Amino acid sequence: MSAHFNLFVIPFCAGITILPLLLLWRYVKWFRQLTGEDHEKIRNKLLSIASLKAFKEVFMECLIHRRIFKVNPLLGYMHMSLAFGWFLLIVVGKFETLYYTHDVANEIYYPVFFRFFEPSPHESMLLKFLNASMDFLLFFIFTGLMLAIAKRFYSRITGLKKITKHSTTDRLSLTTLWLIFPLRLLAESTTASYTGNGSFLTQPFGEFLATIIPAKQFSIVFWWMYSTVLGTFLLTIPFSRYMHIPTEIILIFLRNYGIRTGNHYSGFSEYELQSCSRCGICIDTCQMNGQKISGSAQMVYFLRDLRSNILTPELSENCMMCGKCNDICPVAIDLTQQRLIQRKNHSNNFPYNFSYLGDFNPEEPERTSPDIIYFAGCMSHLSPSIIHSMIKIFKAANLNYLFLDEKDSICCGRPLKLSGQFEAAKALMESNKNLIISSGAKTLVTSCPICYKTFKEDYDLGIRILHHSEFLAEIINKRKSAIKTEGLKIVYHDPCELGRGSGIYEQPRILLEKFSKLVPINQEKEKALCCGGSLGNLSIRVDEREKIQKATADVLNSPEADCIATSCPMCKKSIAQYSGKPVKDIAELVAANLETGKIIIKIKKQEDKVPEMIEF
Amino acid sequence: MKDWGYKIIAARQIDLDSNDLSMADYISRHEISFKWCIGCGSCSATCTAAQFTDFNPRKVNLLIQRGETDGLKNEISKCMMCGKCQIICPKGVNTRNIIHHIKRALSNVGSF
Amino acid sequence: MASEGKKRIWEEYQKEIADDHYFYVRSCIRQTFFPGAETVFLNILRKDLGKDVFEDARHTTCTGIGYHSDIVPLDTIMTVIARHFALMTENGYKNFVPSCVTSFGLYTEVLETWKHFPEIENKIREFLWKATKREFNKPENLAHASDIIYKNREKIREKSKFLLQNSITGKPLNVVEHIGCHYAKMFPSSGVGGAEFPHVLSGMIESWGGEVIDYPERRHCCGFGFRNYLIKANRGYSVSNSKKKFESMQPYKPDFIVANCPGCSMFLDRWQYTIAEMEGITYGENGMGIPVLTFEEMAGLVLGYSPWELGLQMHQISVEPLLDKMGIPYREEEKYLGKNGRSLGQPQKPQFLIV
Amino acid sequence: MSKTKRIIIIGGGPAGMEAAGAFNHTDYQVTVLEKEKQIGGKLNTWYKLFPNFKSGTEVKEYLEETLKKGKASVLTNSEVVNISSDKNNHQITLKDGKTLTGEAILIATGFQPFEADRKEEYGYKIYDNVITSVDLERLFSSGKPILTSTGKVPERIGFIHCVGSRDKKSGNLYCSRVCCVTGVKQAIEIKQHLPEAKIFNFYMDLRMYGQDFEELYIEAQQKWGVTFIRGRVSEIGQNIDSTLQLKAEDTLLGRPLKMNFDLIVLLVGMVPTAGAEKLGCSASLEFTSGKFFRVMGKPVQTNESNIPGIFLTGTCKEPLSLQETLTDARAASAKLISYLKEMKED
């Protein structure tokens, strides 16, 4: 029987022993559910730089909360003070006891209740310092705690319009968490009041307490309460949102080993699901929430329903899939992919039959083995000026191109995929793939970001796939003679599928800057808004869709700009409905400027044998 | 019975008294714009699948509204879900969601 | 059902019907399947009503069946019809009375055509002259045989021995009246009461104490539809149409059907057998079907003619239940005896239909 | 100093009332002749008006105010049977033989609803549960519950558009213009009374030409769930339980369609008022193919008849909505005033 023991440590000990068992049990289960190749990846990367990267990330995200700092510094500080503060409290505490007892293997609870067990004041400077820093850390945590409590009642101070509505276990867990440090303060202070082992915070506070309550008698009560609350909190972790604290660590490692969400619900999905801290940052960033769209559910609620197996198809289908939440999620969960997986589970068995496509082949007699295949995409056919511009440019560049979907077009399949019908989508993709491969071209250019994304991710064509913005950025050059100042002032709208979806932010801008001046707006690139036309959302009502389209058009309607440019036929249509300014696809602008001669086409000799540089 | 060389044929007419409208009810429960269709036909005109087949979203919609669902599975399976019909619709009918729910209804028969 | 509207319509469609001196032309179908009907029509006119009716043995088909099967060219049809008019003229008659509704429709159509295109009439006159050296006047009055009975319905009521009533309860019988399509659908003004609510048969039924049934498919074709019956492949369509009518009239519990068109009488009668054989379905009471009468037969029964003399034994659907209701005496054993008292032979019993 | 000129307005309906009122700033002596025992014409029948459901009586009261301002003398029970014109003098003979003379005449004899029983295949006045849009308006105004002939609450109600309009067989080639929106309005009103009822409108085209008409149609479709089926009804038959069997083609599907109804409403079109033709002949006025009075030289002179001094307004010359009628009435009176001003005294 150790020198320092008291009954009140039991609750804490219970918590600290049971928790790891619970976690272990679940983590192993999920780990088993990982796919074979995922296991493979782990085996290969375990003893590599990846692990170190993971450590760094864990430190930056789980303790410092870098991503949250980016969203809002105050919110970041709140999380940091609690996480990092507590972490240090444990580390320094351990260090203190170590120094005190010179015994590494002291009881697990000993550091936690150190001041109870070691009542005599400290002589050594170092111990005094450690003691002080413990008080300081407690204070540090308190600042965060204050913010957290304030946020509950007035979220805007941390930059959040809306905060998550929590379940009962979550609320219980939350309260215990909040009580931990006040009780620790009370326990240590009251003890200090008669032992004098406190520091700058606990000592005076304890003496003050002693003036109003019989501190000596009370202190043991507080220690009991402290231990109990601590124990309860630890026990509730696996059943509450705080599961994210341990789980995120594992998630970060797995991610660093190159494991991704993929198209199936796997153990990795479980880790992702449990890593969601319900912080609710995704609620605010969601335009559906911003426009109060009926029946929409932001990711935090989507994941909640998914965790508790009550997810309805309607709920998972009412989302634009714009990926804004993906981009901002502090835990970097691949949210849209998670939703897509669920859509697949709901709809993959839907009937489809494209046998009518048979061996369809668009007749293209004269153009044999083209350099370039042009695939306009269904939506481009609804704004033909884009197509005309591209044709004009191909002709000007004197390229041997094949307009694949000039007359009869087969859909790229992404819309089917977005609706969860993966199998059906695959069938369409096969038909298109055959056409593309058989054409023998080395480069595919498309005008539709939706097609682009799917060509890149799902087709595996083995040829260059370019969105026309990339293609044009490549072949267009400013003519020296062109006067810089002549350029239009343009606001550029990043299409979801091209920007967040495919990471194409720069090429369109490089291109536009060759003949115009870009006007920056605060919601662009990663933060760009969804135009509202999205095929990702199946059920949103037309009037609600219009709300989003209008709001986005308003944001793009920067007073300095003469014109709004985008590079997606769908975005163009959506924005044009409500913007006061002309809305142009970059292809149209290029074509127009070619005519004015402000820009020229420059083509280097490449393997995909495109002609020499032409001036005209 | 003897073979007469001819049979009594069921009437070709739509009988709105005896037709089963449960599919129509199911769709309108899940997509209110289902019955906003005015039959203008712009969806069928722009339909990607209709370039290859006789698929006709307008007809599908009306046939379901009249409870004529024979061969529906066959028809609806032709849709590519590309969404042009929805962009073009002058009445804001959520054609994609309608087709999506027709497919859902057909793939879990009886549950609607 | 309000009669106000019907009355108004009937007033609008009152046609000219000659009172006497009729030139009567027979019907291909009627004289084949209901020979008694035409005989009794003549008897009623001559004996009971004391009218002058003339027939000419040289008269032929009007080609209506050929016409409605698209196999006889119009010029031929018109010439044949012109010949019939010539026979009428040669015999010094002016009032033309066809027994067949399709003939009546065809005659009306041809006369209407000639009215609007005199040149065609002249052409036909030439054809007829070239072919037969005959000339003709157009009839002053064209009426269908049922029009004549309609005109005289009250006189017949006066002489009636039986009424269209249940002889025991005195309740009026429920009668389905079926008007041949060619009677007034093409030229509403040529029919008594027009096309929508014709009065020619309902008039008779009402004055003879019956009650007319107005059922949803009343206007529907009997199913014959010429080409649709004559080409075997289409026959299913023909019988399906008749079935539609039976289904529609069934709830009204009709005591019998009366038609003014020989084709209709024929098909409404025979198809009941076919439907029974095909689907095991029978209409009317006790699986015996709904008796079908021609308007002449109906008039004959009212005037007390013997059912067997009327040739009702030629019907597929047994008329006995109807006779019993009306209280008309008949001797079952005489049903299949000819005038000479010798047996005509008996038809086979159908599988489902009870006879 | 010329004697006060006299204007005779034939017809005390909306057109007559509005026109009479528009003479308030003149010193002409205006007489309004109404054949019925009360003025107001059809407004005495219409319960609520499209497209905004304003009550008919409310509008009538408003027009009565306008009429008062006009200081016109109103003679009811005065049916005009003859007009004889001699240059600037027009003599009018009433049924009872009385005569009036005036320097100018404004004909505002309006329209009467098409007699639906002439469309025989629909069986109006034959089938107990076939009524017209006019009957329905009366029913609404009466405040009585909407019931079938057998006293049950109708579950399925059909509206048939274009009854007596755009129909050679009814002798009317023209479009009566107001029936489409009336059908939509009445469908909504029925839904307001009987939310459970299923309503089907059978139309050839929906001619929602007026301001707010299309909106009303969309409301009927989207808010009230009225079903619109494109196809002209061929015939109606009565079932044994006195419900109705309707036959039409769903022309958008190219399939014949059959269904039963508890109640069918015929949206009757406009025809010129009985007697208007006879009256017109007496004054040797010209007529349109639809037997409405013909105005000179459309698109201008839309109130002048072929007889100088005889003016036309409202639905006696063509089908018009109430709003159009009132506008036209004011236009007519303006024309009439300038005519009298320029009139050569003799």
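We call the chains A, B, C and D, going by the order they appear; numbering starts again at 1 in every chain.
FYI, a contact is a pair of C-beta atoms (placed from the backbone, for glycine too) under 8 Å apart; a residue touches a chain by one contact, two chains touch by 3 or more.
None of the values given here were measured: they were computed from a predicted structure.
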item	value
Third chains touching both chain C and chain B	D
Central subunit by CA centre of mass proxy	B
Most distant chain from chain A, judged by the mean position of its C-alpha atoms	C
Centre-to-centre distance between chain D and chain C (centres being mean Cα positions), rounded to whole Å	46
Distance from chain C to chain A - Cα centre to Cα centre, in angstrom	85
Chain A and chain B: spacing of chain centres that average the CA atoms, whole Å	39
Interchain contacts (touch definition) - all pairs	A-B, B-C, B-D, C-D
List of chain B residues in touch with chain D within their complex	11-17, 32, 35-36, 38-39, 58-59, 62-63, 65-66, 68, 91
List of chain C residues in touch with chain B within their complex	232-237, 239-240, 243-244, 274-275, 277-279
Footprint of chain C on chain B - complex, ascending	1-2, 4-11
Contact set on chain B toward chain A in their complex	30-33, 46, 48-49, 51-53, 73-74, 76-84, 87-88, 92-94, 96-97, 100, 103-104, 106-107
Touching residues (chain side chain C, partner chain D) in the complex	1-6, 8-9, 194-197, 214-219, 248, 251-252
